[in-house]
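The following pair of complexes shares a single chain, chain A, combined with chain B in the former and chain C in the latter.
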Partner chain A sequence: MSPVRAPGGGQEAIVAAERLVAEARFGGGSGWLELGQITERLSAAVDRVMGEGGLWAPELAARAFRQAQGDVLEAAQLLRAHRSTLPRLGITPAVSTGELRVVRRISSAFRNPPGGQILGKTMDYVGRLLDLLPEEEGRARAAQAAAAQHGPSHSHDFAHAHAHAHTHGPGPTPAHRHPHRPGQPGPEPVPVPSSAPAAPQPPGAGEVERTPAHVLAVFREMGLVAPPSGAADGDPEPCDITRQPIRPGAPRSAWLQTMARADTGSLLHLWYGSDWRPAEHEVPGELRHGALPVRVEHPHTGRPVTVAEVRVSEVQTFHSLTRESGLPTNLDVGYGICFGHNERKAISMAGLDLLLAHHEGAADLQHDVLLTLDGLDSTGYVQHLKLPHHVEYRSVIERAHAAREAAPDSGDTV
Partner chain B sequence: MPDTLTRERRCELLAAAEHDEIVPLAERLLTEGAFPRPTVVKPPEVGMVVLQVREPVEETRFYLGEVLVTECSVEVDGVPGWCMREGDDRVAALAGALLDAVAAAGLPARTDIDSLCAAIAERRAAEDAAEWADVTATTVNFEELT
Partner chain C sequence: MTTHLTTELAGPPPAPGIFDELSKREIRRAVLSGIAIPGYQVPFGSREMPVARGWGSGGLQVTLSLVSEKSRLKVIDQGEDAGVNAANLRRLVVNHVGCEEETDTREADIIQSRHRIPEQPLRDGQVLVLQVPGAEPLAGIVKEMDEQRRMHAEADYAKMWVRLYEDVVHNGLVTAAAGYPVLVEGRYIMTPSPIPRWDVPKLNGSQAITILSAGREKRIFAVPPHTHVVPLTFEDRPFEVEHTPGAACRLCGSADTYIVQEPARDGQFSTWACSDTDFCRRRRAGDAPATVPHVQPTALQAAQPSEPAPPALVQPAAQPARRDQEETA
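Showing the complex of A and B:
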């Protein structure tokens, strides 16, 4: 690549070009875009910027998204660059994702898993149509909601929500039936894998829990999933891909960290379009979204202290892939987790993790996962292509001319 | 005066406090001379902590990402105070460290600090209950068509 120099008026052109961008950011007839508006109304974009930037910092992510004029990859790059200027103050003790305080939890494997199914905030079961709500009505609804939040009616809303949650009629509906509570009469539903109605039913089915045990535990109780290998391996220190280069053959901790920071689109494409995928698809046994505590060691007492919370999306996906030994006796499991609410990313990550675990030692697959998913890498490559390559291009032209002059005249004019 | 909160629990609540909850209290106690002149051992520093996760499939540890935090250490009457909280609010981190030190030193102002912590705990519990009420309204049992 040629060095970027802009003599003879080029500098002025660059400054003028930057001014045009600034006009787009600050000019026009609309008001200043507040950070609170971005974090509240465009939370999916903010979450994605944090996930791909590798830094949980909602306000900084909103700032980056605004500066990038809505370009998520550019915003993630800005956040990643800012991250590189910050000192690392410590590493948390390992937190188990079993501590996740859920606000959404579904299972595609069980109709009624222990801990319950909570749809949470989702449009998964309704039509996705463009909302042509008149602008005035939208403004009025937002103003009404803001007034309710700041006014005395909030406690009423809370009470109403409680009443709604507990006093609905007893008749179940396909999409909305309230959970059985301990001490209340009612049917005791049991979890049933959709493909195995006669499977054993674990206790506690039907109760809705704030921090439910993983569905994985049910499969383990059934003897369908192998025990974890982490402890048997001596619980190795995680690889840190931000501090050391990685290559195929890197440990599981490296590929999980890589995918958690990956560009969502690249991750989705690599999994969805992978030749390594079997004909039948995997089933997400559990998908959760919720809050995970960030704990550090108290410097004076040595005991853990929760200093923050992050929201994450987590998926465990299952597949009965046939192994060389014959019929599968164990299910393969894939794991995905990322900052924020990004189920597409977590499902894709879990799918790739499953393939990596099943096709152990597949260097091509590991290469693609470890070295092609980072948004900063790939967009950086694209960005650099737009910078002047004049010398390189002139060399290409000269070589083409030289080759043409040296070639014998074949008389072929096509 | 009995210490009703553990040091860690107080730190957690001060870390979860809003800027407008802890900064005015620290300023008021400072203005009233409720504690001796503090020493700033480590000025508020914005940085990151690496979030280490143990995943459930193989129970291996890995680094999920980093979290923006601000950390500050002070000393009041020979007793260290510390605060780490999410985000980049240096003033709030300094206030948190001051309040932690004053409470740990057992000074009379600890009553005010623990009252604030109780209010923060109550607010967080109410928010959590409201959130849970909202999401449990979406509890579902899928029916199997036979």
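Showing the complex of A and C:
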């Protein structure tokens, strides 16, 4: 195909660019970056890639993150493009987040909510001091921990359960089974680093409530909670934003899905910088991080079978705002959920959900939420600016010249 | 038993590709809807492609859903087969589908293009896939998407006409440069994608199918063969294509093709070259038509738009005008 690969053409340039990228991936003096290292040591990044990619697949996300050389949005794009290669085989039945088996659960609305507070793994109280631990010592500690883990007493600590995905074979492992089932006694919370203050112990350590009722239930009992936005419509099938293009006026399910896959930074900014935000802030009534079962209906018996687990962050945030439609009860609930451990995202999402419900029908706000938050869309648009535009530009320049010539005559056009 | 069940659930094993067969069918259905309603923007479930959204992901989905192993595929960006983006997209499709690469416009079955329509008139059976960065021609006029939809549904394009009129009043001419709005078959106003005005008349009465696809905006629209496509303008304001007096391609000498500026030896942008590299090469080899029929006069008699667009205003000029006609005559 010689005409295509004409000298000076783009083919050589892109092949060369590809080689430079490959050099960064495979070259240099350091060793091959193992997937296990990424899923274990860089779990926040892996979780973010899965959240923004909209696909639960820790090992694939780690691959994507490595291939993207640490660029989260690029990795999310890889994951989504990979998803496009696969057919959709079925739709799982809905799972209540009441089943969420928590490794972390806090409420800022109550000192001691029913079910207790479980601080779990959080950097919130770890001093933000750059750790200048000598590399040798770090290596030694990791080696020690690895040795202990491979000992006979190794328990499948749930908080790093995602790191085990790679041991179950490649791919998103639909057949992946975790050893824990609801009802089984859960493991201890992840030990917090020694520099952190001790975690508040849940009542009766060892009897940690792993599937506590939502704090929201308390408010519901008090009769204080406004019905969810769109409650009048009953319980409609959720809109599917991956198959239906959405526009302002879309149901709540569409905006929640959009935010769950949104670029974390964009979502944070839209909420934090929003003019729509009322003066008094909302209170996250509950923030959870834990595992949810994924079930499919058995093709023969029709009964739901748990085939996998996904980790999610979930936030229910409360605000006493009366909606514009003026409801009798005044405690409104905003909901946020996303794959992995990403509290910043879940909190921002819940805050925006509140605003969307409060300013019902505000097309501008809906526009921003539905059409500007997707990381692939926004970065795609930015990237497109780098493509050649000289054909268009000649046309623009020609019009500018023509307008200058035409200007003196403009008076006689009426 | 288990194997049997798995097969039953999963169907035939998916061919490794960029997206699955069911998704391709969905795209083809959207394309058919677009062909059935010329100029109407069909929403579709745009998939994520292995290229950035804005990098031709919409066009790529259409091309992939149409291309087969036997297809001859031409991909151009800014008229060039060898540009980085064109080379990249072509490589992607060819590597995944195994179709034939083609640069000769006459031989291609499918032409995916960004910002240009080839100079070589397209023939029956060819499909032109245009990448679209912004699908909505009314976007700069009304912001609300519901209102845009209403305006299209009711063919209420009064605001578009007012915008063009104001343009003429303020600037003495219609300043829309590339992506000039067109009326398709007297019904829908459509963006032809950011092609130069030079290319707009080629859409009118074209023998080929033109499919326009916006991946990020999730819309597909189409111009079937032999469809009236008329640029919006006023009776006393002939539609003007790009023209620079005295400019001609430094390679083939053409003055009747779309040319772009290039730096000369003095470093100034003072020379010109064809943007359509295939046509330019064939002109030099004597393998291209000596004249390019930009306008098929029979096809330019557009159907009048239905109410309430002012019918008298859409009478197209018989010939696209060049601003310097008097000087060069």
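To be clear about the criterion, the second predicted complex is superposed on the first by the 315 of 414 C-alpha atoms of A that agree within 3 Å, B and C clash if a C-alpha of one lies under 4 Å from a C-alpha of the other, contacts with A are read in each partner's own complex, and residues count from 1 in each chain.
The rule we apply is simple: a residue touches a chain if its C-beta (ideal position, glycine included) is under 8 Å from a C-beta of that chain, and two chains touch if they have at least 3 such contacts.
What you are looking at is a predicted structure, and each value in this text was computed from that prediction instead of being measured.
Asker: Taking the superposition as given, does A:A16 touch the first partner, chain B, the second, chain C, both, or neither?
Answerer: Neither chain B nor chain C is touched by A:A16.
Asker: Determine, under the contact definition given at the top, whether A:L387 touches first (chain B), second (chain C), both, or neither.
Answerer: second
Asker: Does the superposition put A:D377 against chain B (first), chain C (second), both, or neither?
Answerer: second
Asker: Applying the touch criterion given at the start, work out whether A:P299 contacts chain B, chain C, both or neither, answering first, second, both or neither.
Answerer: both
Asker: Now for A:P245: first (chain B), second (chain C), both, or neither, which partner does it touch?
Answerer: A:P245: touches chain C, not chain B.
Asker: Who does A:A403 touch here: chain B (first), chain C (second), both, or neither?
Answerer: second
Asker: Applying the touch criterion given at the start, work out whether A:L86 contacts chain B, chain C, both or neither, answering first, second, both or neither.
Answerer: both
Asker: Of the two partners chain B and chain C, which one touches more residues belonging to chain A?
Answerer: So, of the two partners, B touches more residues of chain A.
Asker: For A:L129 in the superposed arrangement: first (chain B), second (chain C), both or neither?
Answerer: After superposition on chain A, A:L129 lies in contact with neither partner.
Asker: Residue overlap on chain A between the chain B contact set and the chain C contact set?
Answerer: 83, 86-90, 242, 299
Asker: Give the list of chain A residues in touch with chain B in this complex.
Answerer: That would be residues 50-51, 54-57, 59-60, 83, 86-98, 102-104, 111-112, 116-120, 122, 158, 161-162, 164-165, 172, 174-179, 189, 192, 194, 206, 208, 210, 214, 216, 228-231, 233, 235-240, 242, 251-254, 256-257, 260-261, 292, 294, 296, 298-301, 303-310, 312, 316, 333-335, 337-339, 353 of chain A.
Asker: Which residues of chain B touch chain A once you look at their complex with the stated criterion?
Answerer: 7-8, 11-12, 15, 45-69, 71, 73, 80, 82, 84-88, 126, 129-144
Asker: For chain A, which residues are in contact with chain C within the complex?
Answerer: Contacts found on chain A: 1, 3-6, 8-11, 13-14, 77-78, 80-81, 83-90, 242-245, 247-249, 299, 363, 367, 376-377, 379-384, 387-392, 394-396, 398-399, 402-403, 405-407, 409-410, 413-414.
Asker: Spell out the residues on chain C that touch chain A in their complex, using ranges where they run on.
Answerer: My answer: residues 5, 8-11, 14, 16-23, 26, 43-50, 52-55, 57, 77-88, 90-91, 101, 103-104, 114-116, 133, 143-146, 168-173, 175-179, 194-198, 216-219, 240, 242-244, 258-261, 275, 281, 323.
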